[in-house]
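First chain written, first letter: the chains are A, B, C, D, E and F, and each begins at residue 1.
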Amino acid sequence: MSSLPLDLLAVAAHRDDVEQTCGGTLLKMADLGRRTGILDLTRGEMGTRGTAEDREREAAEAAKILRVSWRETLDIPDGRVENTWENRLKVARIIRQTRPRVVILPYWKGRHPDHYTASKLGYEACFLAGLAKLDIHRAISSQQSAFRQVASAVASVVAGEEQNFGRGRTSGLAVEGAQRDAALAAERTPHRPFKIIYATLYYDVRPTFVVNITDQFEARFESLMAYKSQFSDQQAGKDIFPARAEIRARIESMARFYGMMAGVTYAEPFLQKEVGLVEDVTAIAVKSI
Amino acid sequence: MSSLPLDLLAVAAHRDDVEQTCGGTLLKMADLGRRTGILDLTRGEMGTRGTAEDREREAAEAAKILRVSWRETLDIPDGRVENTWENRLKVARIIRQTRPRVVILPYWKGRHPDHYTASKLGYEACFLAGLAKLDIHRAISSQQSAFRQVASAVASVVAGEEQNFGRGRTSGLAVEGAQRDAALAAERTPHRPFKIIYATLYYDVRPTFVVNITDQFEARFESLMAYKSQFSDQQAGKDIFPARAEIRARIESMARFYGMMAGVTYAEPFLQKEVGLVEDVTAIAVKSI
Amino acid sequence: MSSLPLDLLAVAAHRDDVEQTCGGTLLKMADLGRRTGILDLTRGEMGTRGTAEDREREAAEAAKILRVSWRETLDIPDGRVENTWENRLKVARIIRQTRPRVVILPYWKGRHPDHYTASKLGYEACFLAGLAKLDIHRAISSQQSAFRQVASAVASVVAGEEQNFGRGRTSGLAVEGAQRDAALAAERTPHRPFKIIYATLYYDVRPTFVVNITDQFEARFESLMAYKSQFSDQQAGKDIFPARAEIRARIESMARFYGMMAGVTYAEPFLQKEVGLVEDVTAIAVKSI
Amino acid sequence: MSSLPLDLLAVAAHRDDVEQTCGGTLLKMADLGRRTGILDLTRGEMGTRGTAEDREREAAEAAKILRVSWRETLDIPDGRVENTWENRLKVARIIRQTRPRVVILPYWKGRHPDHYTASKLGYEACFLAGLAKLDIHRAISSQQSAFRQVASAVASVVAGEEQNFGRGRTSGLAVEGAQRDAALAAERTPHRPFKIIYATLYYDVRPTFVVNITDQFEARFESLMAYKSQFSDQQAGKDIFPARAEIRARIESMARFYGMMAGVTYAEPFLQKEVGLVEDVTAIAVKSI
Amino acid sequence: MSSLPLDLLAVAAHRDDVEQTCGGTLLKMADLGRRTGILDLTRGEMGTRGTAEDREREAAEAAKILRVSWRETLDIPDGRVENTWENRLKVARIIRQTRPRVVILPYWKGRHPDHYTASKLGYEACFLAGLAKLDIHRAISSQQSAFRQVASAVASVVAGEEQNFGRGRTSGLAVEGAQRDAALAAERTPHRPFKIIYATLYYDVRPTFVVNITDQFEARFESLMAYKSQFSDQQAGKDIFPARAEIRARIESMARFYGMMAGVTYAEPFLQKEVGLVEDVTAIAVKSI
Amino acid sequence: MSSLPLDLLAVAAHRDDVEQTCGGTLLKMADLGRRTGILDLTRGEMGTRGTAEDREREAAEAAKILRVSWRETLDIPDGRVENTWENRLKVARIIRQTRPRVVILPYWKGRHPDHYTASKLGYEACFLAGLAKLDIHRAISSQQSAFRQVASAVASVVAGEEQNFGRGRTSGLAVEGAQRDAALAAERTPHRPFKIIYATLYYDVRPTFVVNITDQFEARFESLMAYKSQFSDQQAGKDIFPARAEIRARIESMARFYGMMAGVTYAEPFLQKEVGLVEDVTAIAVKSI
C-alpha cells in the first residue's frame, strides 16, 4: 500500500472518462514523481459496447499506461449516478483511504447526466470526508444490519437491479490483515483535499488553465485505445486504420486547440473555482500579445 | 542605465495610482531581485490638491520606498488621457526603451476615464512597440518639423493649453551622450512585452489571481503616505492621526479582503486575459474546501 | 396510433404551461404538417382553482385547438415534481413510446420549482431513453412486485398521498391488444431525441431564438382560454370582458416583445445549449441594423 | 406569541451562520421596529468544536444580542442538509407558522454543501407554504403512522443515526393549549413570503445591494463572539486577545469592503433575483462618480 | 432661470430619443416636484423625415407635455457623435450650468452608434465637469481664437460641413446680462452629478431597476406623437389611425413587458453600475415568488 | 461590374485575415451561387515579412481560389486602423458601391488592435451608409479641396507617412466612363446591409453558430498558402514540408474543433448580436444529446 496517500486522485463516472479528459495530466504528474489514482464511480455496464468485465481489464491496462498508482471502481449503477447520502459516504470513504492532496472532478455541466452528477457527488464527498465527527465506517456498517437488508432489497428491486453495497471491490480497497487495519484507521481519520479542480474537456467552457501534455500525448492516446471493446466496432472491416485515424484526429484536434491557447502543442483544459495566487508576476506563463 | 531592461513595468494614469493598486507587487518583485519600473502618463496637474511639482517630488520618494529601478512621467494632460496615435507612439517609445517582460496596466473598466483609457492606450502601445517596421523615432521626429509646428499649435490651442511633445522629461529618459545613443538604439529595436496583466483594485471585478503582499504591506502604505500633498488636508487640524487611521483602515480592508480570497493576510488583485498554464497540478495554491 | 412517432414533444409540469410558453410553436409545426405532442407531468391537483378533472377536460379542448396529435398526463404529484429514478423512468418510457425528434422542455431556471425540476427531469429522461441496455419495462415492472408494494406503500404514506405507479393513464398511452404490443415494442427500443430546446417565456433570460407565431397567436390565446376553471374567477361578475382583456394584454405584450426582437409581430422565445449550424449566411433572418 | 407574524425571517444551515452573514441587518430591522426571526436548520452537531447543547445556549445568547423575536432550530442532520419532501414540509410549516414578509436565504453557491442546499430547500419550502391545497399538518402527521415507523427506521439506520421527525423542538414552536391551536391554525393557512433575498457574504459574488450596518457592527460582532465554544480554542493560551483580534480583523475587513462599495463604513451584502422598482430616481443612494 | 439647478438631466443623441426611453420617468419626477431637463446632443438633421427646424418645434412641444424645466440642443453633427475633447467640453459646460443631481444617459450598447457614443461622451463629460482645476470657459474660448479659426475651418471641411462651435444655441443657454453672468459663474464652479443611470429601452439587456410609469404612460406617448414629422409618413393615407395604432402597440408592449417584471402595468427600464443600498429590507418592492 | 451588388462582403484589417477566419464560408457561398467580396482595410505594409506589393499579388491569387467576385484594398495605414470620420466615410462608400446584403466583420475583441478597431469601424460605416441624407461623395470630395491639402499634409507628417486619401485604388473601385457613373450613382444611394455577423476564429469566445466548410477546407487552406511571402521563412531550409505541416496542423485543429461543436468535420465560427428566428423547430441542426 506504498502507493498511498495519493498526491492526485481523478474521479470520473465511467471507465475511459479519465483517459479522455485528464489522462495526460495524470501521466505527467506520475512522470514528476507524484502518486496518482483513478476512481471510476460505475462499472460501465450500460455502455453499448463491451461488458463490465471487458472494461475492467481494459481499465487496468490503461492505468498501467498512465502509470497510476491506484485505481478502483465503485458499484454505483451506470446511467444512474445519484448524489445520495449513500453514494457520498462511499466516495468519502475512498477519499479518506487514499487521502489525495488534489482531486480532479468532471466539470459541473455536461451532456451526460452521470458526468455532471459525479461532479456534485464528488465535491460533497470531499467535504464529508473532512468532518471529524463523521464515523463513515459506522455509518456504512449500519447499512449492513437487518433493517438495511430490507431497505437495500427494496431499493434494489426499485432500481431493477442488484446493489452490492459495501461488498467486494466496492470497499475501494481489497484489503486483508494489517492492510485492512490500516485502511480502517484511515477511514476513521478525517481528510479534506486541499484542492479540487474540474476537467472540462467534454464541455465548451473556457478553461481557467491548461496543462501541457505534449510529452504525454501519445501515451494518453494509447491509454484510450486500450479500451478495445469500445473502439473495436469502429475498427471493424478490412482496414482498421481509418476508424482509428478518425478518433485520433478528433482527440488530437481537441488537445491541440487547448494547447494553442497556451502556446504549447497539446494540452488538457481545467477549471478551478478559486482565484489564483501568483508568487512571481514576471514568471507567469502564456504570452499575451 | 543598468536598471534596464526592466522585468516589470507598471503603467498608470496618475502619480499615486500605482501606489494604490500594485505597489506591493512591485516591491515584492524588487525583493525577489527583479528590475521594476513605473510610467505615469500624466503629471497630475488636475488633482484638486497639490501641484504637479509637489507630486513629482512625492513620486520620487514613493519610488524609493517601493525600490523601483526606473520611474518616468509623460506629458499627457491630466484628465485628458486619449488613445491617440501620438500618445501611443509616446508610450511605445518607452516600452522599447525599457523593454519590460511584463507590463501592468489599469483594468479596462473604472470610474475615472483616465484609468480605463490608459488601459487601452497602454495595450495598443505594447502592440505598436513590437512592429519591426515601425520607426518610432522618425515618426515622432517628423512631428517636430514645420508642419508639425502648425498642427501642434492648432491642437494646443484647441486643447486650451500647451503641449510639449517630445521635449524635456517627456522623452521618457533624460539621456546624454552614450546613454542617448543607447536609448536611440533601443527605440529602433522592436520589443513586445511577453505578458500584460491588469491591476483591478479600483473596480469590483473578480480577479484572476492575487499577489500576496503581506510582507510588503507596510512599505506599500508608506509609499502612499509619501504623497503628502494629497493627504495633508485630511491630516490637517490638531490631530494628524484620525485621518491617517481612516485611510489606513480602508487600504487595509481592501488588501485583507483580497488576501482572504487566497488564504493570505494581504494581497493585491490582478486580471489576465489568457488562460493559465499549470506545470504541476499538485502544487496549485489556494485551498478549495 | 398513426400519430406516432412524433416530430415534436413538449414536456411541461402543469396542464396550461405549454399553452402559455410554446403553444403557438406547436400549432405552427402542426400547420407545417408535423406530428406534435404534449406531456403534462402532473394533473394539476394543487392548483388553487378547479379540480384535476376540470383541467383534464380543458387540456383536451386546448390540445384540439393547438392541433396536437398526442397528449398524455403522468401521475407525478403537483407541487412535488422530483428528479427521481422512478420519475425519470416514467418520462423515458414516454420518450420511447412517442419517439420525438425534438423535445421542448421548460427553461432550467424559474419561479416555480416544478418548472425547473421538470427541465432537469426531462433532460435526464431523454438521456435514459437512449441507453440500449436499459430495459424500462422490466425496471418499471419490478416495481410492481412484492417488495415494490412495501416500498410504494411506505413512500405513499411518507408523501401523505396515494401513488399509482404504472397504473391506468400513467402508462402514458392507453393501449390495448395490437396497440399494446406496439407500445411494448417501442418501449424496448432505445430512442434519443435529436434536439432539446427550452421554452423561456416564464423567465427574463435572453432567448437564443424566437419562433414567429403571428398566424397562430389568436388560436394560442384561445387554447389558454380553454382553461375556464383557471380564469373563471377573474371573469366573474357582471362583465366578463375586463378580466379577459387584462390577461390578453399581458399575453400579447409578451408575444409582441419577443416578436420585436426578430422583426415580426408575435413570437415565442426559446433557448438551445448548442451552437447553431448555418448553411447559408446570406439567408440568416433578423435584421442587424 | 406576540412576536408573530414576523416581518423578516433568516434561514440558515448552522447556528452562527446568520451571525456572520446578516446579523447586522437583522438587528437594524429590529432597531426599526420590525419583528425578526432566525431558523437554523441543523443543531450543529457535526461542528468540530463544542456540542449541540453548547451551541443552543450560545445561539440563544446571540439572538438576544441581535434582538430577534423568534429563533428555532430544526432537527435536520448537520452535514446532511438535503432538499427532500420531508425537509421541505418541515421548513414550509415554519414559514406558515411565522408568516414572514421577507425571507433571507443563504446564497445558492458556496463552499459548504449545507449552505447551498439550504438555499434551494428554503426557496422551495417558501413555494410550498403558499399552496392552498397543501395540508402540511396531515402530510407530516401521516409520517408518524405505522408505515412511517418502518420507513423512518429504515431511513435512520441507513443514515446511521436517529431521526426524530415531528417530535419535540422539531415542531418549530414549543406550543401548548391555545398557543397550540393558533399554531395549528396558522399551519393550515397558506402563506407565501413577498420577498426572498440571499445573503452572499460567504461567496465572492457581486451583491445586488448592501445594507449599511455601521451602527450595528459592534453588536453583530458580539453576537458572533457569543459562540464561545467555536472560538475558545483560538482564544486559548495566556492571551485571549490576539485570536479575537484576528477574527475581528477579518470580520471587519469584509464589512468594510462591502461598505466601501456603497460609501458607508460597514455593510452586509445581499442578492435579489428580481429587478428593482425605484420610485424616485433623484433619491437613489450610492454615488456614481 | 429659476428652473436651475436641475434635479435630473436626461442626455440623449437625438430629439425624440428621451421621449422613447425615459420620458415617463421625467414626467413622474416632475409630478413629484423635481426640476428636470433634457439635453439633445444633435439637431437631428440626418433624420430621414423632417428638418431640424421641424424637430426643434416638436421637441419644444414634447418638453411641455413632459413638463421638463429645461431643454437645450447642442450642435454636434447628427450621425457623427464623437467622444472628442471638444464635445466633452461642450457637454461638461452644460453639466456645470444645469448642475443636475442625477444624469440619465443612453445605455452603452446599442444599434445606433450615436446612442452608445453619447453614453461614453456623457459619462466623461460628467467627470470633467467635476475637475476643480478645469476652466471650461477658457478652454472653449481659446478655441475661438485665430488658430482655432484655422483648425475649425480645416475640421469643417474635413467633415464636409459647417461646425459652429460655441455659437448661438450651442451655448446651451441663451443668456443675457445678469443671466449671462450667472451662467458664467456656474461654468466656473465644478459640479459632478451624484448619480448616473442608463436608459436601456433600446437594448435587450436586463435592467437593474424599472420605474413605474403607469400614471405617466399616456402623456409619454403623446410626447412622442408630438414629433409629427417623424410619424406623419406612416400616418399618411386615408386612415391616420392604423399607423398610430401600430406604433402605440409597440410602445405599449415594451412598457408593459418591463412593467410585468416588477408587478406594475407600465414601466421604463434602467441600469446602474453601482450596487444598491437598501435601508429597510422589509420594504423592498417587487414580489419574489 | 456584373459582380455587384454583392450578397456577402467580408471586411478585415489585413490581407490574409479573411483567409484565416472566414475564407471557407466565402467559398461555400460562392459555391451556392452567391456573389462575395473582400475589403481589406490596409495594405499590410507593417507585416514583418514581404512587401505590400507581394501581398497584393498574393491576395489576388487567394481571391481567385476563394472565387470571390470582388476584392479591394483601402489605404488605411497598417497598424493604425482608427475609427475616424474619414475612415468611416471610406468604408461607407464601399458599402454603398458594393451593396452587400450581409457583412462579415472581425469580432470586437482580439489580440491585434487593428482587428477589433476594424470591427467597430466596419459597424459604424454600415450604419452611415444607410443615412439617406449623407452625401458621401461630397463629404469626401471636400477633403480634396485646398483646406484639405493642408490638413492632410499635417496629418501625413504627424503620421510619419504619406496618406493618399481618395486616390488610385483607394477609391475602392477602379472605375472609368460608364462604370464610373454607375459607381457614383451607387455612392449617392443609401444602403444598409441587412445583416452583420462577426468572424470569431481569432478569439476564444463561444460562437453563436458555425458554418460547415468540410468541402471547402482544402481550398481555404490553399488560399492561405497563396501568401507565400508570409510563410516562406517558415518554409525555408532543405525541407519545405515540416513548416507547412505545422501550419496545416494548427489550421486543421481549429477548423475541426469548431466542426465538432456542430457534428461536422470542419467549420468556421461566427457570432451574431441578434436572436435567431427559427421557422421549423423540428429542423434545427446540431444534435443535443
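The rule we apply is simple: a contact is a pair of C-beta atoms (placed from the backbone, for glycine too) under 8 Å apart; a residue touches a chain by one contact, two chains touch by 3 or more.
Just so it is clear, the model here is predicted, and its values are computed rather than measured.
For the pair chain E and chain F, chains touching both partners: B, C. The set of chains in contact with chain C as well as chain D comprises A, E. Chain centres were defined as the mean of their Cα atoms; on that basis the chain farthest from chain D turns out to be F. Of all chains, the one whose mean C-alpha position sits at the greatest distance from that of chain C is B.
Taking A-D and B-D together, the chain pair joined by more C-beta contacts is A-D.
Inter-chain spacing, taken between the CA centroids of chain C and chain F, is 45 Å. If you average the CA atoms of chain C and of chain E, the two centres end up 46 Å from each other.
In whole angstrom, the spacing between the mean C-alpha positions of chain D and chain F is 58. Shown for chain D are the residues in touch with two or more other chains, namely 123, 127, 154, 204, 206, 261, 275, 288-289. With chains as nodes and touching pairs as edges, the resulting graph is of another kind, matching none of line, ring, star or complete. By the definition given earlier, chain contacts exist for A-B, A-C, A-D, A-F, B-D, B-E, B-F, C-D, C-E, C-F, D-E, E-F.
Taken together, the chain D residues at the contact with chain A in this complex read 45-48, 79-80, 82, 112-113, 153-155, 157-161, 204. Against chain A, the residues of chain C that register as touching in their complex are 85-86, 123-124, 127-128, 131-135, 138-140, 142-143, 145, 147-148, 150-151, 154, 275. Against chain A, in their complex, chain B makes its touches with residues 7-8, 25, 29, 32, 34, 101-102, 104, 123, 126-127, 130, 192-197, 206-212, 261-264, 267, 269-270, 272-282, 284-289. Residues of chain D that touch chain B in their complex: 111, 204, 206, 249-250, 252-254, 256-257, 260-261, 288-289.
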